[in-house]
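Read through the structures below before going on.
What follows is chain A paired twice: with chain B in the first complex and chain C in the second.
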Partner chain A sequence: MADQYRIAQPKDYYRQFLEKDVRPDNRGLGEYRATVMNIGCVSTAEGSSLVKIGNTTVMCGIKAEVAEPGVDGKNGYLVPNVELSPLCSANFRPGPPGELAQVLSQNMADLIADSQCVKLENLCVCPGKLVWVLHIDLVCLDYDGNLMDACTLAMMSALKSTSLPVVTVDEESGEIKTDPSSRTLLPVSCCPVSTTLIVFDNKLLLVDPTSEEESLATGAVTVVTEGKNVCSIYKPGGTPLTDKQIRDCIERGFIRGKEARSLIEETLCSVDR
Partner chain B sequence: MASFIVVKKEDLEKKQNVEPCHTLRCLTSELGCLTRQDGSVSLSQGDTTSLAVVYGPAEVRISRELIDRATVELVYKPKVGLPRPADRKREQIMKSIFEATIITNLHPRSSITIILQETEDLGSNLACCINAACLALLDAAVNMSFMVAAVAVSVADEGQIKLDPSKNDEEKGRASITFVFDSVDLNVVSIVTSGKFSQIEYKAGLELAREASQKVFQFFKDSMSRKLIR
Partner chain C sequence: MPTDTRRISGPEISHSPYDYCLTPPIDLIGADKKRLDGRLPAQLRPLFLRAGVISQARGSGYIEVDQTKVICAVYGPREVLRREDFSLKGQLTCDFKFTTFSCRLRRQHQQDNQEKDLSVQLLEALEPAVCLQKYPKSQINIYVTVLQNDGSALSAAIICASLALASAGIEMYDLVLASSVAMRDALTIVDPTEREEEAVLNKTHKAELNAGSMTVAFLPSINQVSAISSDGEILCETLTKSMRLCVENCLKLYPVLQQALVKHRLDKQADTS
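Showing the complex of A and B:
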């Protein structure tokens, strides 16, 4: 009976639970789903990670290649790309990336630019001649809401575990030599973490939405924090929120930021290099 | 039938005397600048200009039809070249703002299309586009539950807040934030930020932007009343 009710009247079904300050999956309104992280799971990539937030699964692989720099001569390139294939959800069709995938890829690029976690000048191998290009590929394996947070977490943990081979350029012949035996860790100066909340019925704020909750939402807010600073507050339209509600979102973002950063540190420590 | 309206001229004169950090640049609008559309407007904020056009409620492509409400479509055209992912993000932000603003339930199985053409980006481009689209919707007499006004602020390296930044301020600054307010309670409909900032800076920017948004709403009203009275 409950299942039919859930399909026929999803909003009413949720309201019954939310009145009692609980969600159908047994979580409180401000509670995250269990987050699982595995770092270094792709041995052919320079850095990789697999992140699960509840059922949402995102795998991140970072491949490095060398290229000629642009006109400034010393800045490398970071190319994030989010792939949402029909594998992860029936909502996505095969073919060129859809709107959501493009926006997510742009959000990832903005996140790196805003937080300055990887400085592009650190990707310089030989000024004016050679720089690193890091292709950050994020593949969603299972889509159950809150992709933004899963992608951010996967990308940051993969970046933190990225090591690059030592490359030397012969001054005279211009020959490029790679020493695969010695690798250096990519300098990552900070670790931004995103927290997404949705607005239900124009008033309630729910942290870490599932895809079902996302489809019922009347708005969403994503807060990205880094240490004591805010990297980004992203609220694309939806229900207008009061200042207090936004303040609550930011505070929740800081709490989540601490949790997620300690999770990344712990996982990094447990990986033997 | 085009009319050229210059409002806030006195503000412009004042601007030369007053601290320039806390004033909006001169707002000008030309309602009904094109004739074949249901609503059109060319809006400039200082030197930043954008052209917004609205069609609708009109027929919708079957694949995009929604049985209980109108489909809001938004197309952003950059000044040069094809739309890039950054423009897609802009489209998505504006689309969800106007989905919340327009009373879509009034026109089921139809489409409301907003097309934005960037004509000149000299700072606060997103804010200018949102304001232009809102004015174009008013020009097309589309039913909205509230108006929206967008105001951008930038945070300089020393933490100084500048309202309605120019391109130069945006590039020099540490962060820039675009706030979108509703006309009823002046609550925040949308926030888009770039760069790092502290909570104090955010709060200061919010207060400044909220005050300035009232001027934008007043400008909308002035523009509409001039169009209707004429």
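Showing the complex of A and C:
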């Protein structure tokens, strides 16, 4: 009976739970789903990670290539792309990336640019001749809401585990040589973490929405924090929020940021590279 | 090449750093009669199988054959989108994709010719096993993504897809199993890795008798072969011999697949009760 009610009247179904400050999956309003992380799971990639937040699964693989630099002569390239394949949900069909995938890709690019976690100068192999191109590809394997947080977490942990082979350019002949046996770690200066909340019924804030909750939401807000700083706040339309609510969101973002960073550190320590 | 406006693009020309180092040609078999990874020529790699990994899909499977990792989702039976595709018999579609970071060299986001070819081969291997007449006017979609390719990706994909179909409750005559072999002169190796596959088809070394690989898909309980595909030049006699070898290997894997399916059923029952 409850199942039919849930399908026919999802909002009323949720309201009955939320009145008692609990969600249908037994979580509190400000509670995250269990987050699991695995680093270095794909050995063909220079850096890789798999992140699960509840059912939502995202895999990130970083493939390094070399290219000639642009006009400035020393900046490398970071190319993040999010792939929402038809594998991860019934709502996606094969073909070019949809709106959501494009928005997420751009969000990832902005995140890197805003936080300066990887400096483009550090991707220089030989000034004026050769720079690194890091193709950061995020593949969603299971879509159950809150993709933004899963993507940032996957991307940051993959970046932190990235090691590049040593490449040298001969000064005179310009010949490029790679030594695959020795590797250097990619310098990552900071680790931004995003926290997504949705607004339910124009007043309640729910942390880490599932895909069902996302479809009922009247608005969403993503807070990206780095250490003690707020890196960005992304609020694409929806219900206007009060000053107090925004502050609550930021507060929650700091708590999540701390948790997520210690999770990454723990996982990095437990995996030998 | 037309530019892709829906993805973030890097520089137009970039190369893999591994293009600039020498990779020595490998011997398929060492002096101790063992292969590079220490296996005997007729030895299979250890296998990990699990069903029900994607929460959004009707059925799903994950397979790991040492370093080869494949994930598969099955959606449907669902209605046919286009009117021209209407048919009284059910339709099966397969979509085979390598993630960009799955191979030694980076792959593109769009499906390339090899992936299209593998999609068709996968479809041909699975179609005879599915009772399509039971699903009139509808389609069943199979999406396969290779997360990491270390050889024998097609046979891993076939096993994984048949597990996903079965876990989705799609009516089938039998489970489909698959196995690959690679041949070089008088030597036959089962379950080749990527480097072995490459070495067999290497054009610079002219093989005297055979140089090729083959994959056989087999339905064990009705004792039928659903698909054979072979690459390269192989003597007729060797071909029949290797086919028998593949069928034998498929039979070895049959209990593993059955066990994975039974475990999935039991887990599901435990969840609902």
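Following the convention adopted for this analysis, the second predicted complex is superposed on the first by the 273 of 273 C-alpha atoms of A that agree within 3 Å, B and C clash if a C-alpha of one lies under 4 Å from a C-alpha of the other, contacts with A are read in each partner's own complex, and residues count from 1 in each chain.
In the analysis below, a contact is a pair of C-beta atoms (placed from the backbone, for glycine too) under 8 Å apart; a residue touches a chain by one contact, two chains touch by 3 or more.
It should be emphasised that the depicted structure is a prediction, and the values quoted were computed from it without experimental measurement.
Colleague: Looking at the overlay, does A:Pro94 come into contact with chain B only (first), chain C only (second), both, or neither?
Modeller: After superposition on chain A, A:Pro94 lies in contact with chain C alone.
Colleague: Between chain B and chain C, whom does A:Ile246 touch in the aligned arrangement: first, second, both, or neither?
Modeller: first
Colleague: Contacts for A:Val103 in the overlay, against chain B (first) and chain C (second): which applies, first, second, both or neither?
Modeller: first
Colleague: Applying the document's definition of touch, where does A:Ser115 land relative to chain B and chain C: first, second, both, or neither?
Modeller: Touch partner of A:Ser115: chain B, not chain C.
Colleague: Now for A:Pro236: first (chain B), second (chain C), both, or neither, which partner does it touch?
Modeller: first
Colleague: A:Ser163 contacts which: chain B (first), chain C (second), both, neither?
Modeller: After superposing on A, A:Ser163 lies clear of both chain B and chain C.
Colleague: Could you figure out whether chain B or chain C reaches more residues of chain A?
Modeller: C
Colleague: Applying the touch criterion given at the start, work out whether A:Leu141 contacts chain B, chain C, both or neither, answering first, second, both or neither.
Modeller: Touch partner of A:Leu141: chain C, not chain B.
Colleague: Could you look at A:Pro86 and tell me whether it touches chain B, chain C, both or neither (first, second, both, neither)?
Modeller: Touch partner of A:Pro86: chain C, not chain B.
Colleague: Does the superposition put A:Asn75 against chain B (first), chain C (second), both, or neither?
Modeller: In the superposition, A:Asn75 touches no partner, neither chain B nor chain C.
Colleague: Would you mind listing the overlap between the chain B footprint and the chain C footprint on chain A?
Modeller: Correct list for chain A: 102, 105-106, 109.
Colleague: Spell out the part of chain A that touches chain B in their complex, as residue ranges.
Modeller: Residue positions touching the partner: 99, 102-103, 105-107, 109-110, 113-116, 218-219, 221, 226, 228-243, 246, 250.
Colleague: If we count contacts the way the header does, which residues on chain A are in touch with chain C in the complex?
Modeller: Touch residues, chain A against chain C: 41-45, 48, 55, 57, 59, 61-68, 70, 77, 79-81, 83, 85-90, 94, 96-97, 101-102, 105-106, 109, 133, 135, 137, 139, 141-144, 164-165, 167, 176-180, 211.
Colleague: For the complex, give me every residue of chain C touching chain A.
Modeller: Residues of chain C touching chain A: 4, 6-11, 13-21, 53-57, 67, 69, 71-73, 75, 78, 95, 97, 99-104, 106, 109, 141, 143-145, 147-150.
Colleague: Once bound in the complex, which stretches of chain B touch chain A?
Modeller: Residues 85-86, 88-89, 91-100, 146, 175, 177, 180-182, 184-185, 187-199, 202, 206 of chain B touch chain A in their complex.
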